[in-house]
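Have a look at these structures, which come just after this line.
Note that chain A is present in both complexes that follow, paired respectively with chain B and with chain C.
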Partner chain A sequence: MTMQPSSPRVGNPEFLLEAKDLKVTFRAPGGKKLHAVDTITLGVRPRETVGLVGESGSGKSTVALTLMRAHEPEGGQIIFDGQDVTHLTYKELMPVRRRLQMVFQDPYSSLDPRWSIRRVIGEPLRAHKYGSRAKINERVAQLLQQVGLPPDAADRVPSQFSGGQRQRIAVARALALEPKALIADEPVSSLDVSIQAQIINLLRDLQERLGIALLVIAHDLALVHQISDRIIVMYLGEPVEEGPADEVVGKPQHPYTVALLSATPVPEPGGGSKRIVLTGEPPSPIYRPTGCRFHPRCPIARDRCKTEKPPLKEIGPNRRVSCFYAGEMPPPRDLWALENVPLPPGVERAPRPFAVGSSRAN
Partner chain B sequence: MTAIQEAAATGRSVATADTILAVKDVVVEFPRPRQNVGFRAVNGVTFNLNRGETLGLVGESGSGKSMTALSLLGIVPAPGKIVEGSISLRGRRIDNLGLKEMRTIRGKDIGMVFQDPMTGLNPVRSVGAQLTESVMRHQNVTRAEAEEIAFRALDQVSIPSPRDRLKAFPHELSGGLRQRVMISLALINHPEVIIADEATTALDATIQAQILDLFRLRLTKATMIIITHDMGVAAEICDRIAVMYAGRIVETGTIAEVLSNPRHPYTVGLLAAVPRFDIRRPKLVPIPGVPPTAEDIIRGCAFKSRCKFAQAKCDERPPLTHLGGRLASCWFPRGA
Partner chain C sequence: MSTTVTTPAAKPPALGLRLPKKLATGSTQLDIGIVLLTLVVLALVMQELFVTSAMLDGNLSKRLRWSGDGVGILGTDQLGRDLFYRVLAGFPWSLGISGVAVVMVATIGTFVGLIGAWYTGWVRTVVLLGVSAIIAMPFLVLALVVIALIGRGFWPLSLTMGGIAWPAISRVIYAESRGLLTREYVLAARLFGVSQWSILFGHVLPGLRPTILVMAAFYFATLLIIESALSFLGLGAPLNAPSWGNMLSDSRQYLVNAPWMMFVPAGAICASVIGLNLVGDGVAELSRRRARAVEV
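So, the complex of A and B:
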């Protein structure tokens, strides 16, 4: 074994999975640099769910893949369970990967179409020499049950399952080795709404039961808000705002977070009339704007924002934002004011966070 | 009260002099291999679209919403075909027209915006060439006039520096701009009806917001069918919605009616499954089970296997019936 259990633990002991000043660069055509992630620092505690939100090109998926060591970071450190894994070799990574697993976005391309489900879920078990064939089959049956699939699913192939069922299979495979942490990259974005909720509930259930840490990457802020303890909002390769889920959504400080919140269509008659619509599109990560990366699209940008880059500043416990004028742009509409839309049976309306005198919702 | 107002107020799709598109009992069927019962992707869909009205067809994958749109344009992919029902545009049957006649209707009378602008646009021709081609095919104008119309069309959908963009190829534009080009292409011949199939689904949230604003603010007088899986999108730009499940409309009415007081258990479930900021619950409320697939043969109510209110009666198919102002097909409707 190349792992050294006796070596001293590094990093913040609070966190199970940690990224410190992580920077990822790709080579773009013409020898230019594409700054995919520049830079992010994050930590996920055991049993905690952290949501990483952003639009395409924000670098959120690159963060996920780099944490898995599928991309090599240009700078920074990745720490998992007290061990610096940034530069471990493929072989040294094996015991790490056993404890840190991933669920991908598209269950149509992440499962080999010719393999039986038994083989798909059993693969990590075989790779990590879990035990005899009988023992592996027993574990596969147990996993199928955990993710809510019938035992006879083991003998079928992926094409015989719907998208939601395939994602259950992907979750079962990720859980096979009893990981301590799970990274899920857009785990439900290819699924229908009624099925999305099934998979999200499954992830939450399993997390509670198995006590795993969860890093969820998604573009849907409403969805991330539902499942996360903490949220990190990314724009053009860097975090612009982070904090407890209800605070980021209930009292957004960065103009981009406010715009993202107001951009989410809500099933409310007459919705959308009070929305902040950003002009333009996210700039290229090859040619980034100077100063604040968001300033060309920012409704409240001033001269200073064009030249000076705002630091990610601590504004409260676990609460950070990178904007000189944080909190100056209030949300344009009250997302808690959906009085016309009835609540689903058995559900109560959440108290408004930060209405006068109230604290964190829930 | 005008007919539109009345239709909007009651959610009823009454055919009037203002009716642009009348769809009646349309069935789109695909043969099943080795079986004599075909798969009905669209199974008896009826609605009327009045002038200036925006109708949302909402449903999940496989509900038949896109196939309904394709049937309106006469481009149902083979071996599927319309086997029953009628489609009339301003009183003229168009479901039985030949290829050539249909071609004069597409683009001229009915404009279409597809989900993926990369497949909806020709990758090897400039934006300007595609726009002018469409103008010259349907309007009696010179090339120079057509180019001017193309310029104005891009300007109309708020594309910055439209003159330069005419020379651009689709791959040179961002996703948001490409979708704007698609919309200008759909609008350029002033069609009677615009059909937008998941026009904002592939876009990022802030870009989707821009396109929704375009629909909401610039196309207020247009007659449109919006096909979407997203109740939020429908709520923003539609006057009426029709919720589809397994090839049928299960509930239809005004946006306000259906969203504030959904009656069909599927509509209730769909609304409950959407993550909302105002509810932070320990768990989302999914609809159990999976929707029927093309292999399933449906008897009675298609939703019954997933419905917690289903009873023996549901083995019999519930008809679309008036419930207050709207129509819903359920023996045991929710709400009141």
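So, the complex of A and C:
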């Protein structure tokens, strides 16, 4: 709709947001290169939720910011809605930004403390010449209602709201221009656990209602599993495993995914099974290990892993993993046993394990 | 979806500094500073309303008197001019020159600092090098050279001082703006496609307000002293003008016989400078307190 008639659609027509062989490098002190993302290929379909998981430093936030064109990729392609946006200028990006928005990790720093909520939520509307002041105010009121805040919130400033409420405001701001796709970078990791479920439910609700595509970035595999259709697990700037959410969580193939899963606390008497604790820090993205990037911390690594890099190979429909010994490491416990854990009264069981609460429960 | 939203019923914290309201709760130094500055402003108004040029004329028969028949409360100078009226008439000169200069300093300094912070690459390099180059030159010497070239008087003096004093403010604004530009709400604005100037004026400039206010107050005081120094050296206000620097310059030869000739203008300078500094400190403290309340 906003494309020039001359430019044909590019990329996979299935995907709304697509990254092809995306590579992002930063300059590190001493002329070294920091390989933040190297390389990732991903696609998000319309109305689909994709979760991007990994520990801090795995490059997942860099992927988000690069897709938003806040970082310049060193290589690869970013395609949004059939248009190659990799090299568009700030001005040329305007129509893209209208349809692709972002929610940030920390609602304490992503809202200007001096601005009223009306001004905060109206900011993207004004930038895109949405209409008269009255029209903008009307839209702000509508958005506040959509995210479950009272109309009089518009005249207050961010410091008068709790973290969860602020994140609702940030979500309202991101939705202001009715985007087709939303990137949420750790949308709940700075919030209290009790609030996390609210925001996750809000995102899920809004997605169902508005039909937007969601790319959720988080370090908490259980949480991502709860809202995602598909999951991509990242380690040191590259995907190590991807597939449908239930399969990645239910039948993890890569030892790193297994380790991530075992870090999830189990609300069960006896504490579930034993945890696989990864030794050491994630390696530096400046001096990356040879062979498989994960081999220094991998419990099942063999000699081959030290020299040879496993390719990301297809092991099923939509299912990829990069490990020579995929599936050899058993999941730490029967993950589906969670289905038997009693829930507090009034909370419906979500259709997946690791439910934090369902969208209709509260 | 949960909609049990509880928000504090308190009023929004004051956006912007409402000094009169804060007076009662503000810091002591701010109170003293405001009292001093109020006196200064009062003097300024009084001289506008009451001092006529006849009052500034000299009467040689009453020269160098401290008291006596027909002598004002602050004595007379070497030409028999009433020092009370003369020091009052000095307010628009001294405060006016440094006032115009400080507005220039704050405006240019903020603008250049913002430009340096926003752009990367050669623009920033040029800005920082230029700023450093001007700071590297001794201020008084530079001012003397410029004034010697373009002449003396109210406007040449104020424009010269404003034109060469801003780089120090630029430096501070530059550093502070770079900090503000890394905030996530600035990144968010950029990802919404908000224009550069909207970001600078909407997000960054309001964040700089306390800094600018504080710097302006201190620079006002500094420029006041520099103006007096230049006048004292004979390169400031015109010789006849009742600028405080000129008055100090005159007093030098009569220090022993008529010390009040020095104390009167010096007192005016001190009151203004101390007042401005106290207000600057007070504003800084208030904005720190406010920042704590806002940033959580």
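By definition in this document, the second predicted complex is superposed on the first by the 332 of 362 C-alpha atoms of A that agree within 3 Å, B and C clash if a C-alpha of one lies under 4 Å from a C-alpha of the other, contacts with A are read in each partner's own complex, and residues count from 1 in each chain.
Throughout what follows, contacts are C-beta pairs under 8 Å (C-beta built on N, C-alpha and C of every residue); 3 or more make two chains touch, one makes a residue touch a chain.
On a predicted model such as this, the values are computed, not experimentally measured, just so you know.
When chain A is checked against chain B and against chain C, the one touching more of its residues turns out to be B.
With both structures placed on the common chain, the touch criterion links A:Q165 to chain B and to chain C. Look at A:E92: by the touch rule set out above, it reaches neither chain B nor chain C.
In the superposed pair of complexes, A:N201 makes contact with chain B and with chain C alike. By the document's definition of touching, neither partner reaches A:E74: not chain B, not chain C. By the touch criterion defined above, A:L223 lies against chain B but remains apart from chain C after alignment on the C-alpha atoms of chain A. Contact with chain C, but none with chain B, is seen for A:F104 once the two complexes are overlaid on the shared chain. Of the two partner chains placed around the shared chain by superposition, neither chain B nor chain C is touched by A:D84. In the superposition on chain A, contact of A:V249 is made with chain B only, not with chain C.
The contact surfaces that chain B and chain C form on chain A in the two complexes overlap at residues 165, 198, 201, 362. Of all residues in chain A, those touching chain B in their complex are 55-56, 162, 164-165, 192-198, 200-201, 204, 219-223, 225-226, 246, 249, 259-273, 275, 277-279, 281-282, 297, 335-338, 340-350, 361-362. In the complex of the two chains, the chain A residues touching chain C come out as 68, 70, 90, 93-94, 97-98, 101-102, 104-106, 108-116, 123-124, 126-128, 148-150, 153, 155-157, 159-161, 165, 170, 173, 198, 201-202, 205, 359, 362.
For chain C in complex with chain A, the touching residues are 1-3, 5, 7-8, 10, 12-13, 15, 183-185, 187-195, 198, 202-203, 206-207, 293-296.
Across the complex, chain A is touched by residues 60-61, 174, 176-177, 204-210, 212-213, 216, 229-237, 255-256, 259-262, 268-281, 283-288, 290-291, 293, 335 of chain B.
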